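What follows is a single structure, and I will ask about it in a moment.
Letters are used for the chains, namely A, B and C, taken in the order the chains are written, and counting of residues starts over at 1 for each.
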């Protein structure tokens, strides 16, 4: 049984730093409804299974799965939650379709991170409680002094007020990793800053991005060090938004008379959770890419991939991921950012949507936002940021600090 | 579609508090399953983790923390989560990893460390309620199940004595399970009815306790199962379905979401008369009335008929249709996702004929297990069959 | 692959080390402690906002789904059955019927109490059948309460209402002749 899996519908909301006018249910409903309209299907009749990608602590519920079915159209239908990035959800939807028992699967991921007031402490809550968390500070709760920490602002290096009960913001790990990356590859901070400039500039052509800006390398270099060598403008700010994809097998796609965009391959991988023994070379991306390339029958990624969306929640991560994915040789990424290869009209356009730096960090929806851009490019609907003749695209996401897990998805035009 | 076989299963002790960390419990269960199958870490292609609320362990993104204990370092690893339904849903996810042809061998691990939450896991349960409609009323989780039990009893005229028989049966069955937390060979219906009332109509001995524990299962592709065993146990069918978040807008007397999930699974397994074609069942029994509620939801008897079957002894281990021969959650313990151990692993052990003193007589060929989760919404069903 | 372990009975042993609550309290085992700072502020959205504003004004609002022909409470911006948007707010009565209840001897913190708390689900008059929400019951004993009983909301005084489900204190029995 060699079914193929296609993307038949995509939908998304606008991405905004704060969304005080709508509830999490409504943001999910909007993205899902748009995807079903795009696919031209009746969700209550045609969709066989639903997957949402969410983590309890981002949402503020002990079992987020409870609050999912109504707004995605899954009432009395198979529905589940994958605790991972949207690309993990797409991978599982692919597998569900390939079993032959389910034909149409909807995958939804969203970020409503502005509802969370104590962001730094929650990220710290993901560290191992026995060996890694206590390094950051005292076991008693830090006092927030009453006013909420707006997550769209830059993270403060110390969580809590100015009394002794402070904790170190977990983003210090990004500082450690960037230090390692700069040293081993010879990349400079200016070259990382060039990633910020490119992505924020690309975001101007993206109608739904929230952090577009016309800035220069000097502007980035002048922004203050928060987790040296990571500076304020090296960090992508948090954003709210939702994305929904509808996947179907190729026969259903043909019956619906939709031009197929194939999910040709995927891969995901988790490295050890122990921070002290994990390498800092994004090994998860290398292994995930290997699995994805094999499935999609890609033998020369740099030549065959026309457009890439890689995780750039910290500026250096874009360069690190390009090398880990085999799209650049070790140490080569710094050259590619300087010689224009990664620009929209270059030979390997990267993060044409603006990436996390331009759109915003949308947590579990990051992979879906990247997949959204790739599918938009392959459909030819990317307007001013359109890459000419894009046939094969790659979307990659990482699960963020402190994890060593990531996923890759490869899309091909039919 | 590839047919999928189960080739190994394992579980740990279940107790209110275990010394081991979540990683260590995952490791112990995985090790046992790998011993059963004769596998090493490198033989496993992909791993699925099932684990319920992060708030119990006290670790955000706790799936990431458990990677090393689940033999998943450097492998594709994903965590699925359906609240209480995870115990049967994680194996379903493992099934689709192999049935899709993407993995040849998939390990499924379920882990729970409810004991970490201080002062009591109940505190984590405060946050399952809707923040606007329910949480301001500061409800206790037991109220929810008491309301469902009351509705079930009223609509079908079920007496507490009949429901208490379930606790008696399961806690006595659990005496023969090495991992059991609350086995009691001498418990009677009077003991259950006289135990303290928590939220009427729920008494203390009607409820299963929070527990620490872990369980593991290994699935493999039919094409290679001959390397592991001559007598394979296959996944015959899977089904899952979820009902509305708005639980106050639903009739709680019948779990329609479970009936949907069961129909999906029976269709896949080509079963038309469940009661006749299935030999035994492991329905989810965190409360005594839930076993009855789920037997009806699984379409194994008519609505309101389950208490009669229980009263007549049909659901005993040596009865016509054994139900919860493992001892269920009431007897063995309730570490939410790790209940896979006494539900799906038990189906496997019974079908293989290695359940020891728990073994049901005769020659069982097909068994069904279900789990129930979220806010009385999620039904997950799996059927295993021999050969 | 390695050689399988051939046990006759499964599970062959129960790995794991049992520790008692008292071992933890008396610090006989080593453990570590952490207090996370977890705060959220969920945006309510238009449906919930209107519902809570209604409660502040002493009214219960539902919303109408034209396709499914049902009046829904608690209200939502979309109908989960037909997946379409809902329209038209409907002011409902503040009376209803008890759909189910529990008599709890545990308070919200799971401590034992002498006088039980009565709690349950009330379907609101004016909405479609079995549409309502959870709340407390008062002015009745545990022997009076039954499924199908007619009840009426008891509101907090107007100046104490905040726009929360607790603006209703509890539901009391509806005696004949009352509105």
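In the analysis below, a contact is a pair of C-beta atoms (placed from the backbone, for glycine too) under 8 Å apart; a residue touches a chain by one contact, two chains touch by 3 or more.
Please read these numbers as outputs of a predicted model, since none were measured by experiment.
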**OP:** With contacts defined as at the top, give the pair, A-C or A-B, that has more of them.
**Re:** A-B
Original post:
From the centre of chain C, which chain's CA centre is farthest?
Top reply: A
Original post:
If you average the CA atoms of chain B and of chain C, how far apart do the two points sit, in angstrom?
Top reply: 25
Subject >> Chain centre separation (chain A, chain C; CA means) in Å >> reply: 35
**OP:** Averaged over CA atoms, how far is the centre of chain A from the centre of chain B? Could you give it in whole Å?
**Re:** 33
Original post:
Got the chain B residues that touch at least 2 other chains?
Top reply: 58, 126, 131, 244, 246
Subject >> Junction residues of chain A - those touching two or more other chains >> reply: 57, 60, 69-70, 75, 122, 125, 129-130
**OP:** Scan chain C for residues touching two or more other chains and write them down.
**Re:** 34, 36, 40, 42, 44, 48, 76, 80
Subject >> chain C contact footprint on chain B (complex, rising order) >> reply: 9-20, 25, 28-29, 31-32, 35-40, 43, 58, 120, 122, 126, 131-134, 136-140, 142-143, 146-148, 150-151, 154, 178-179, 196-202, 212-213, 227-228, 244, 246, 248-252, 341, 345, 349, 352, 354-357
**OP:** Quick one: which bits of chain A touch chain B in the complex? Just the residue numbers, please.
**Re:** 1, 55-57, 60-63, 65-70, 74-84, 88, 91-92, 94-101, 122-123, 125-126, 128-130, 267-274, 283, 287-288, 291, 399, 402-405
**OP:** Write out the stretch or stretches of chain A touching chain C in their complex.
**Re:** 19-26, 29, 33, 36, 43-44, 57, 60, 69-71, 73, 75, 112, 114-118, 121-122, 124-125, 129-130, 133-134, 139-142, 144, 148, 159-160
**OP:** State the interface residues of chain B toward chain A in the complex, per the touch definition above.
**Re:** 1, 21, 52-55, 58-61, 63-68, 72-83, 89, 93, 95-97, 99-102, 124-128, 130-131, 239-246, 256-257, 260-261, 264, 268, 373-375, 377-378
Subject >> chain B-facing residues of chain C, complex >> reply: 1-5, 7-21, 23-24, 29, 34, 36, 40, 42, 44, 48, 52, 72, 74, 76, 80, 99-110, 112, 116, 119-121, 130-136, 142, 147, 164-166
